[in-house]
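Okay, got some structures for you below.
Each of the next two complexes has chain A plus one other chain: chain B in the first, chain C in the second.
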Partner chain A sequence: MTTVGIPRALLYYQYYPMWKTFFEYLGAEVVVSPPTTRKTLAEGAARVVADTCLPVKVFVGHTVSLVEKCDRIFIPVVRSLKSKTYNCSKFLGLPDMTRAVVPEAPLILEIEININLGKRRLYQDIYRLGRQFTWNPLKVREAATAAWQAFLDYRELMYHRELTPPQAMEEITGKLPAGPEITPESPRVPRTTIGLIGHAYLLYDEHINYQIINRLHQYNAMVVTPEMLAGDTIEASVNKLAGQAYWTYEEEVVGAGGHFLENNTDGIIGIMAFGCGPDSLMMDMIHRQATRQKTTPFMCLTLEEHTSETGVITRLEAFMDMIHRRKQRGKAICV
Partner chain B sequence: MRVSIPHMGHLYIPLKAMFQRLGIDYVIPPVNSQRTLSLGSRYSPEGLCIPFKMTLGNMIESAEMGANAVLMPGGYGICRLGYYTRVQEQILHNLGYDFEVIQIGVSDRKFFGAMDMLKRVSNNAPWHRILSAFRFALAKLSTVDQIEQMTQKVRPVELVQGTANQLYAKAVHAIDNTDDYDTLKRTKADYLRQLNEVVKNKQARPLVVGITGEFYVVLEPFSSFDIERELGKLGVEVRRATYISGWTKFSYFLNPFGINEKSRIHKAARPYLKRDIGGDGWESVGEKVLHAKEYDGLIHLAPFTCMPEIIAENIMPSTKEQIPVLTILCDEQIAKAGVLTRLEAFVDLLERKRRKQNNVLRVTA
Partner chain C sequence: MRTYLGIDVGSVTTKLALLDESDELISYVYLLTQGRPIDAVQQGLREIKEQLPPDVDISGVATTGSARYLAGVIVGADLVKNEITTHAVAALHYYPDVQTIIEIGGQDSKLTVVRDGIAIDFAMNTVCAAGTGSFLDHQALRLDMSIQELSQQALTSQAPVRIAGRCTVFAESDMVHKQQMGYRVEDILYGLCQALVRNYLGNVGLGKELESPIIFQGGVAFNEAIVRAFREELDTDVIVPIHHEVMGAIGAALMVHEETATSDIISQFKGFEQSEVKYRASSFECKACPNRCEVAEISHDGQTLARWGGRCDMWERVPGTQLHPSEESK
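Let's look at the complex of A and B:
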């Protein structure tokens, strides 16, 4: 039986249930790399040039940790999911880059998803991927349908029950959430709602964002993330803020940010990686919009491997203090 | 409407000619300077690349001179540059300028997009005038590029340093001032002859260094620390594949007919990078592979935080075709002296390598 390795980074958080279903349906075993640790990051950072962004360094680290454990590594290339959109070069060059910087890696399975080329091409590409495991096109087709269904279920679960991707994955795999019961630090702080925007690979990787979700829970905050919003609400605010959508994964920043700015959140925290191409423009757009509206406080945390945990905590504390003060006064004073 | 343009190399010459012929009210912003860069980086989001900052600086400077519109490339299918027009327009509005950033689509509707834009900017000038102005602009563009290519050849071997640069500056000025084909032709012949007649060191076999990387920094000398001239001073011949005239020729006229000047480069890059990653990343890898035998070294220019070039930079060291590569990241924080030191070291390395090869040849012969 072939084992397919999936690095726990980048698109993993959005699509893992789908990929898992697909490969398992075709009779492969799926291995996921363990959660990010300091070692993963250090190993990744040592292999790529210094200006590469943090999530890609983490990705390379995860790939390295998979080398011994599997016969194939799955690295998809997502170019566009809607017509006339485009993705960051780092996603487009990922398999080739991995091959260059991790030469000992096993065979890399790749598939290019590009809606602009039409459905037919997409089906052909899926079949080409499935052919690594079976010659039977019907079986690949069934696997793809099952995978798509798994993806829809996963999205549905996150949207309806307001779960974060890791929680939803635990739900699907049947494991009970192992996290400790949330106890707010002091009952005196009012209950707040904080919108967290950013790419899934930054929001849910607890090592690189210093457990920001947990920390916010400790401040008695309810955290809403882009995954908990319906697709069309996001799209509407993308169109409103940025005009025609341009990036493949900008919804989770611009769409969610625009939505949170208008819908009763007490504050918004944006998380971006240093040197992120799309985010450098998109976070700025949300920042400008927040400054213009002057109703919801906005803070942007830029992460890289030199970010210190203490620095993040201090900024978070200051931000939350400000929000609590605002809440208690019941008045809008803004940045 | 008073139109202006951002600077990129000598792109202003053909555009100026076109504006003049069409009777468009235009402003050419002052040449790129430290002030341009400071203005640009002051008002830009911090994580953006130097092309954004420089062009924003140009826009602010031209707005100060009374312009209220600027032509700027953009659109789907390239790197994040596609989105710059919108952000820049917002920044200018926040600064209080009533300014329109007109987007020229670089990937879709290439030629026709440019024509439509000209029609609009020129207040509905008749098509034949637009086409003739466009043709004249192209003629100027290719003339400047030819003279530049010649200058690159002369620079490293001239006996009196600086002659070629002086001639080039004069030629650019002369071309800028011509307004008919005849004078243009004569100017071109005249300067090509003069460049030919520069006293050269006949024995010199200059090192050949290729320049590749991101379009803007390769073409805009200010953003890449005048690297070609500096290399010329060190006695190195510079070759590059990117010229504006070549780009317009292919992407406006030949690509629609399936002729792609880059297919050779892409083919060379394919074993290491299978697909277009936006920007010029694919070409950078391809040029390394393609010219590994021809050149002595390669200088890879990229703006800091440029997404495609980072991928290229990661892939380049692993190619089988080996050639020394020096990656220089261009940013407002980098000092020219630092770049010069690196260049000198790089050239030393190439010279040593060549000497060693020659010795080996002598021993075996």
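Let's look at the complex of A and C:
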């Protein structure tokens, strides 16, 4: 049986249930690399040029860790998911770059997703990927349909139950632990809602973001993330703020940020990787909008390998203090 | 008499401030940390004790600054607060109508935007320390003058020279170049102050609305040349509070007062005798998982008081302690 390795990085968080269903339907076994550790990051960083962004270094590290564990590694290229939207060049060159920096890697399975080339082309590409496992086009078609359904179910689960991608994946496999302990509201630490914006590979990789979601829970904050919002709501926010979307994953930043700014969150935290071109434009758009609106505090945390944990914690503490004091003050005025 | 003690242990200096029941500053201490935060806190406690009137009762202690957790364990803090919040609280206490708080310390610089008496936005310098006290200190050292001399000389400048202030290394080569070209020292020094201010405004102050009244606090506010450069660059008055260098400690004391006022918490303060106790700080690399966290621990008489620095709570639960970074906020 063929074993397909999937690095726990970049697009994994959005699409893993879909990919897994597809390959398993075709009779393959799927392995995922273990969660990021300092070793993963160090191994990835050692292979690429210094100015590669943090998420790509993490991705390479995960690929390296899969080398001995699988016969194929799946690295899709998501070029465009909507008409006239584009993705960052690092996503487009990912299979080639991986081949260059991880020469010992097993065969890389690629597929390019580009909606601009039409559906017919997409189906052909899916078939070409499936042919690695079977010559029967019907079987590939069934696998693709099942995979798409798994993706829709996964999205629904996150949206309806307000789960993060890791939580939803655990729910699918039946291992979801109990949610964070909800402490009763105290005058010292009021209950707040914090909107977290950014790409999934930053928001849910606990190693590189210093467990930001856990930390926010400790501040008695309810955390809402882009995946918990309905697709059309986010799209409407993008259109309102930016007009036509340009970047493939613009919804996660501009869409969610725009939505949180208008919908009763107590604060918004943006997370971006140092040196990220698209994010430097998109986060700035939300920052400016927040400054103009003056209703919801916004803070952006920039992550790279040299980001100190202390710096992140100090900023997070100060941000939450600011929100708590605002809330207490608001209450005092009402009374 | 009920009093509240705030301790701010920064990268370069350690500050202690004692407030009475009506939040008046009774006494304060300002000393160099010199890379030994435990000694600095103990020294500070000794000095503050000498200044104390009799019948003083410490009803609450709070620590802040980059060594806040360490200091908190040593003194038995009732509250451990980050320095961004404590500085804002202190500034608002003395200047309720403040709109902008500039704070420049030894290794970091911050900006807090306040509207209607409440902080609405803040920024802190990132990994780069250009535009902080250390940058000036380093240049003063290179010119073989004290930081006071640097300030006084810079103030006499008539035609400041433009220095590239983006980076300490480049600023230094630029200064050397300007010296070799024959520019006057005071003009170069004031140029340096202007560069620091430009750097601060372009980095920490990027995209922020700096409205008056503007408060400037932290150790660097001692430097009159920097104050002048801020006034010129912002084209408005910049207020330097009398106790600008201990504002973080004052803020911490104010916050612990506020907190204990609403509850009957009895202070955890371990007493001034702590200044004579021998503490031992050490660290080790945890080998339980590939993360290899560097765990720091503080012990006394062979008994571990607290540990931190790990990514999980494996080492942080030390029996008999109540304070560690992730629990403090609960």
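Just so we're on the same page, the second predicted complex is superposed on the first by the 318 of 335 C-alpha atoms of A that agree within 3 Å, B and C clash if a C-alpha of one lies under 4 Å from a C-alpha of the other, contacts with A are read in each partner's own complex, and residues count from 1 in each chain.
Note that contacts are C-beta pairs under 8 Å (C-beta built on N, C-alpha and C of every residue); 3 or more make two chains touch, one makes a residue touch a chain.
Note that this is a predicted model, so its numbers are computed, not measured.
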When the two structures are laid over each other on chain A, do chain B and chain C clash or fit? fit
With the two complexes superposed on chain A, say which partner A:Gln124 touches: chain B (first), chain C (second), both, or neither. neither
Let me test your reading of the model: by the given contact rule, A:His207 touches which partner, first (chain B), second (chain C), both or neither? second
Using the touch definition from the top, say if A:Lys294 reaches chain B (first), chain C (second), both or neither. second
One more residue to check, A:Thr314. First (chain B), second (chain C), both or neither? second
With both complexes superposed on chain A, which partner does A:Gly275 reach: first (chain B), second (chain C), both or neither? first
Determine, under the contact definition given at the top, whether A:Val189 touches first (chain B), second (chain C), both, or neither. second
Contact-wise, after the overlay, does A:Thr52 reach chain B, chain C, both or neither (first, second, both, neither)? first
Name the contact category of A:Ala242: first (chain B only), second (chain C only), both, or neither. first
After the superposition, just quote the angle formed at chain A by chain B and chain C, using C-alpha centres and rounding to the nearest 10°. 80
For A:Thr37 in the superposed arrangement: first (chain B), second (chain C), both or neither? second
Rounded to the nearest angstrom, what is the minimum C-alpha distance from chain B to chain C in the superposition? 6
In the superposed arrangement, what residues of chain A touch both chain B and chain C? 288, 302
Over in the complex, which chain B residues touch chain A? Could you list them? 45-48, 76-80, 82-84, 86-87, 90, 94, 272-279, 281, 304-305, 307-308, 310-315, 317-318, 327, 329
Residues of chain A touching chain B in the complex: 48-49, 51-53, 77, 84-86, 88-90, 92-93, 95-97, 99-101, 103, 112, 242-243, 246-247, 274-281, 283-285, 288, 302
In the complex, the residues of chain C that touch chain A are 66, 81-85, 88, 115, 117-122, 124, 126-127, 207, 209, 259, 262, 289-292, 311, 325-326, 329-330
Under the touch definition given earlier, write down the residues of chain A that touch chain C in their complex. 37-40, 183, 187-189, 207, 211, 215, 218-219, 287-288, 291, 294, 297-299, 302, 306-308, 310-311, 313-315, 317-322, 325-326, 329
